[in-house]
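Each of the two complexes below includes subunit A, the first together with subunit B, the second together with subunit C.
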Partner chain A sequence: MPKAIHQGLIHDLQKNLMSHYYEKLTRAAETRQEKSAWMLISGNPVELVRAFGFLPVYPEVNALQLGVRKQALPFILKAEERGYSMDNCAYVKADVGLYFSGLKAPFATIPEPSLILCNYVGCGVYLQWFEHLAEYTNAPIFNLDIPTVRPSASEGLQGKTQAGTAADHSNAADQRYVMRQLEELIAVCERITHRDFDEAKLRRIMEFSRETGELWAQIKAMTRTVPSPFDAFFDAVTMMGPLYCLRGTEECLDFFRAVHREMTERVEQRICPLEEERFRIVIEGPPPWPFLRTFRDLFSKWGAVAVASTYSTVGGLWEFGFRHDPDRPLESISEHMLQYNLTNRSFLQRYEQIRRYITEWNADALIIHSVKSCRLFSAGQGDMREYFSKELGIPTLLVESDLEDPRYFSEAQMRNRVDAFFESLAHRKSVRDREAGTC
Partner chain B sequence: MRVADPVQEAKDLSETPVGRVIESWKSAHPGAKAVGWFPVFSPIELTHAAGMLPISIAGGGNQMEIAHADSRFQSFVCSIIKSTLELGLTGQLENLDGMIFHSICDPAKNLTSVFKRNFPRLMVDFIHFTQNFASPVAEEYLAAEYGRVRTRLAELAGTEITDGQIRSSIATYNRVRERVRRLQGIRLNGRNQLSAAETAALLRAGGRMMPEDFLTLLDDALRVISSRPGKARDLVHVVLEGSFCEQPPLELIQSIEEAGCSILEDDFELGFRWFKGDISTEGDPLRALAHAYIDGSVHSAVKHDLRYRKAAPLVEKVRRTGAQAVVVLTAKFCEPALFDYALYREALEENNIPHVLVEFEEKMWAFDKIRSEIETFVESMMFD
Partner chain C sequence: MLITAGVDVGSTQTKAVLIDDSRAIRASAIIDTGGHISKAAERVFDEVLSTGGLCRKDVSCVVGTGYGRFKVQFGDIQITEISCHAKGAVFLFPGTRTVIDMGGQDAKGIRVGLNGEVDDFVMNDKCAAGTGRFLSNASETLNLTLDAVGELSLRAERPVRLSTVCSVFVESDIMAYLAQGKKVEDILAGVNSAIAARTIALVRRVGIVPEVTFTGGVSRNIGMIRALETKLGMPLNVSPQSQLVGALGAALWAMEHAESAVRS
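This part shows the complex of A and B:
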């Protein structure tokens, strides 16, 4: 039974980097000497915030860390005692619970915010989450409003662009709006930090991000090879930690250089994360953090390797061409937020992204992991399944659980569904191979 | 000659299947088009200015079985999302020409795409309202967004939509909104002449007709209602909050009232009560609409205006109306409403305002449970 066998250097490096990051947060919380900016993951302008010397803090990543360590439930319950519903996003509840536990997580202490920067890139829950945090903490809040890609402006299915004149007009207006807000944000940062905006410093930070993005895009393209050198869902989440928490720093860039080297060797030596790559799958949706290992094993058992995933693009779509541009810092930051993020795009653009993954990355099947907490991701995934399985004839499996709340994970049920799916996929594959005379 | 009871007429219309409403309007207006708008608020002046019917498409109420849409949207998504899709999947939107959704929540955003894919014949759009109310450029952005939508609507209508036409639509809707405010005022006069369920029925009907017809309906209704004798009842005066999008069945509202509440203010059909006053009919009409959104609109969970604390308008509403308590009535699985409850609860407790939380679904049939919860709450208020 092929299991995940290779963890590689990158996992150790990542662990060190992330614990170093959390040590920094704890130190900042204890010494109160540094200013911190609380932000969200999707398409954030961390480069700008770094240029002012803020320490970036990500409530989503804190919630995720609680989840992955199976420590989220008491925090979730604490928030529910305050009136949050069973049906609210559990990331928010875990984080609110953490706040009301004195910001003391089992793995770090989180510093109080000097700025709450709600980079509203697609997720409506973001707005409420940070609005609530601002009320609890009394910290200054800035809503950086990023207009969602509207259907008229979005790509249609099959890559056809349906952008008309109305849409073009909107794009220009959106860009102008975001740029002006970035200027307002700069003024806010100047006020809070008592520092002047240093554009040269921003450009240097952007250069780190540009190179990091370039490497990340190259790394992600490597999974097009057969066998894939890493799992683009389970291993990609390892790389996403530094990409989001540390982007714009030299240590992050060094990490991606090391990953790039390791993956290049693996491609050359045809090493794949399992003993054998039997199925190439695309995974849509976030992972069930509290059961990550169990979830991974469900697929490893079948020799199924994710060659692409939508979750790994929530913070940016570098693989489809985006790069931070030190020569156009604010423009490229706004392009990142407006256009090059899964979360700010329309649901149909996501269908198109997945369709490209399946054809260009040569995948056998689509796995949709529907999580209750995140309706941004999940609402309507039944329609997505319909499109892929009925219209495109791609084997598609939809399984449900949650990304944070352990109460929604039923291993036995999930295992049955996954096993039944791969059994039939294996059968199909053998029929196909027989017909093609390959065995 | 109009029917004698405008309230009954409104109820009947609000309960007619929406597909039939569109069909009969279109047969009375050959060649004219109809554009749906999803809650909570939509700048329907733009549709009206193009001579098209702006029709509220807000789910299927409890008249419709969801048989197809629940395989597209999961069990943890609110009902209005599914029932609105069901309307389309069962052919009830066949006569609709366009559909506009808004940046109210994530399911509504995804539904926009699902509509676009499943009903390629429809013109589908999505308005991204500003969420940075403090920004000096928010108004310019929102006016440009309205401009984009104007262009699409003009393409659909096959005519230009001029500034003058929009200004005149704004003026017409200002008259509607003024009547709606008067209607609301009746509920505050202490004579129990008008119930919240009746008000909701009138507004629901208003979402299904041209504003000129709505004006006539409202004028008739105001006349009839203000001549009612009124009744003295021993009731707990409440403000109801949280039903701004998916709408509860009228019978549910009635049950809450029968359980002993006089609902002084609520947020049903909030779109018609979105603005606190008139919108300017001078100058650039898109700027005027955008300005009113940013500086002249009421509170709602789907607006994130950081210039005030989230629960402040609710507390203020209680003070202003003299209500004794709050009923928080939220649609099941409505993320925006459920989130804000945490802040409401804190503020209401701080201000010693009693409240009760109940969840509903548009498709519910039995109201006994909610009714008895409200009765218990009312009793606790009476004997406190």
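This part shows the complex of A and C:
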């Protein structure tokens, strides 16, 4: 059975960075000396918040940290005891449970918020989650109303759109609308921190983000090579921690410089995360955090390496050209929020993004991991499966569990589906090879 | 002569089939799985060997399939029941393009390519509605054996419409109909109809292309065969051995491996 044999130095580096990040949060919780802003991952304006010295805190990341350590369930149950439904988003419940546990996670203590910044409104549940948090903590809340990017009427599905060149889909009025809100946010931050807005500082932070985005885009392009130097789903989630929690800092940039060096070497030496890359896959949807290793092993067994994933773009879509621009800070932040993150894009644009991954990254199949407790993200995935398997003829597997709630993961069912899918792919491949006379 | 075996360890029953290299079935056996999966696999294998008058060393290759396939400790290879059902169904009915399989806890649809390869498949997820479990719960509530359900349901005159396909809540639905004085056969026809509708909705996701072969334990229920045929508007291939299709497919895969080993 091919096993993941080369995890790389980046995993150790990431572990250290994330430990430091959580130590910082714990210190802030204990000393109450620093202001913190609670934010969402999707296309957030962390650069602006950092310019005021806020410590960014991400309830989603805290929830997933509980999940990946298999510690989420007691927190989820705590929220259910308070009346949150079984069908509610499990991230929300784990985080609400964490709040009602005194913000003491097994890995850190989370500081009380000085500002609750709801920067993504595409999900009504998220909006209410942050409203609940504001009510529980008595912290000021600021909702950024970000219009969802809509495909234009002329936009088709096959080749007519270019994911990542979506500037024309979001009109200038949308951008003015978001920038006006960012200006209001600046005034709110000034009031809370008693600091004047320092545009030069913002530009310096934006420069860190620009360089980080550039490196991240180059790193993600490396998985186009055969074999892929890393798994663009399972290893990408490792890189997403610093990208989201530390973006706009020098330590984040240093991390991505190290990743870039390591991946460049791996490409040159043809090092693959598995002993053998037999199948190149694209994965849509988030991982089942409590069963991350088990889930990875299901694919490793078949020599399947993810060469691209949509989940690695939930916070930002850099691989098709977007960069933060220090010369146009607010314009650039609003472009990121509006157009260059997966969750603010329509399903048709998501289709197009996946289609490009399959074609340009030369993938054999698409795996869709549907999330039971998030209907918003998962509701259209049945149609997505139909589109890719029936209209484009791309072998597509849809499996379902949850990103956080361990009660939805059935290993036997999952294994059965994954094994059957790759049995049939392997069979087709061997028939193709036989016909081509390559074996 | 090569002999191979397929052992299908399902949630409810464990099946075994022995074939020879002319692809003739030499023996078959079915037992209840019970709580000890490995032992069930051992027992069914011993039984099929005894029926076929063979011993373990006569068998060149054993393929384990079904949920308990990794517990077939004497097995040489494990293959999912999806691949095995496709293989077995195409062997029995070469025109098969779609397989509907209904087992104890699974309902699945498999679209099969021209060469018997799996083109696409879909299975029920996290819910036993529309599976054999739904039927057995319904029959238990009515104090009937599972085998009686099919024939009795064909006598229905005014089938009821169940408000649920939940395997647990079906019981209260049935009790309500009994309280209203509905006939048992009308209730059973309603049960079959509800499962058939749910299964067809599931299988349509992979596309229903004739010929359609119906496999798994539930295919012994003549009422279910009729309900599916009526809703689909086409006849189904159903073999007297349809409960053994998974094990048969496993034995056929085992034969391919054994023959390829001999060749190399």
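As a convention for this text, the second predicted complex is superposed on the first by the 422 of 439 C-alpha atoms of A that agree within 3 Å, B and C clash if a C-alpha of one lies under 4 Å from a C-alpha of the other, contacts with A are read in each partner's own complex, and residues count from 1 in each chain.
Here is the rule we use: a contact is a pair of C-beta atoms (placed from the backbone, for glycine too) under 8 Å apart; a residue touches a chain by one contact, two chains touch by 3 or more.
What you see is a predicted model, and the numbers here were worked out from it, not measured in a lab.
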item: Comparison of subunit B and subunit C by subunit A residues contacted; value: B
item: Which of subunit B and subunit C A:Gly382 touches, first, second, both or neither; value: both
item: First, second, both or neither for A:Glu400, with subunit B first and subunit C second; value: both
item: Touched partner set for A:Val92, first subunit B, second subunit C, both or neither; value: first
item: Touched partner set for A:Leu17, first subunit B, second subunit C, both or neither; value: neither
item: First, second, both or neither for A:Ser346, with subunit B first and subunit C second; value: first
item: Subunit B versus subunit C as contact partner of A:Ile141, first or second or both or neither; value: first
item: Contacts of A:Cys123 with subunit B and subunit C, given as first, second, both or neither; value: first
item: Contacts of A:Cys189 with subunit B and subunit C, given as first, second, both or neither; value: neither
item: Touched partner set for A:Glu423, first subunit B, second subunit C, both or neither; value: second
item: Contact residues common to both interfaces of subunit A (with subunit B and with subunit C); value: 372, 382, 386, 400
item: Of subunit A, residues touching subunit B in the complex; value: 79, 82-85, 87-89, 92, 96, 120, 122-125, 127-129, 131-132, 134-135, 141-145, 147-148, 150-152, 157, 164-167, 169-170, 173-174, 176-177, 180-181, 184, 346-348, 351, 370, 372, 375-376, 378-383, 386-387, 400
item: Interfacial residue positions of subunit C with respect to subunit A in the complex; value: 67, 79-83, 115, 117-121, 123, 125-126, 205, 207
item: Interfacial residue positions of subunit B with respect to subunit A in the complex; value: 70-74, 76-77, 81, 103-107, 109-114, 116-118, 124-128, 130-138, 140-141, 144-145, 147-149, 151-152, 155, 301-302, 304, 306, 309-310, 332-333, 335-336, 338-346
item: Residue ranges of subunit A touching subunit C (in the complex, touch as defined); value: 372, 382, 385-386, 389-390, 400, 408, 410, 412-413, 416-417, 419-421, 423-424, 427-428, 431
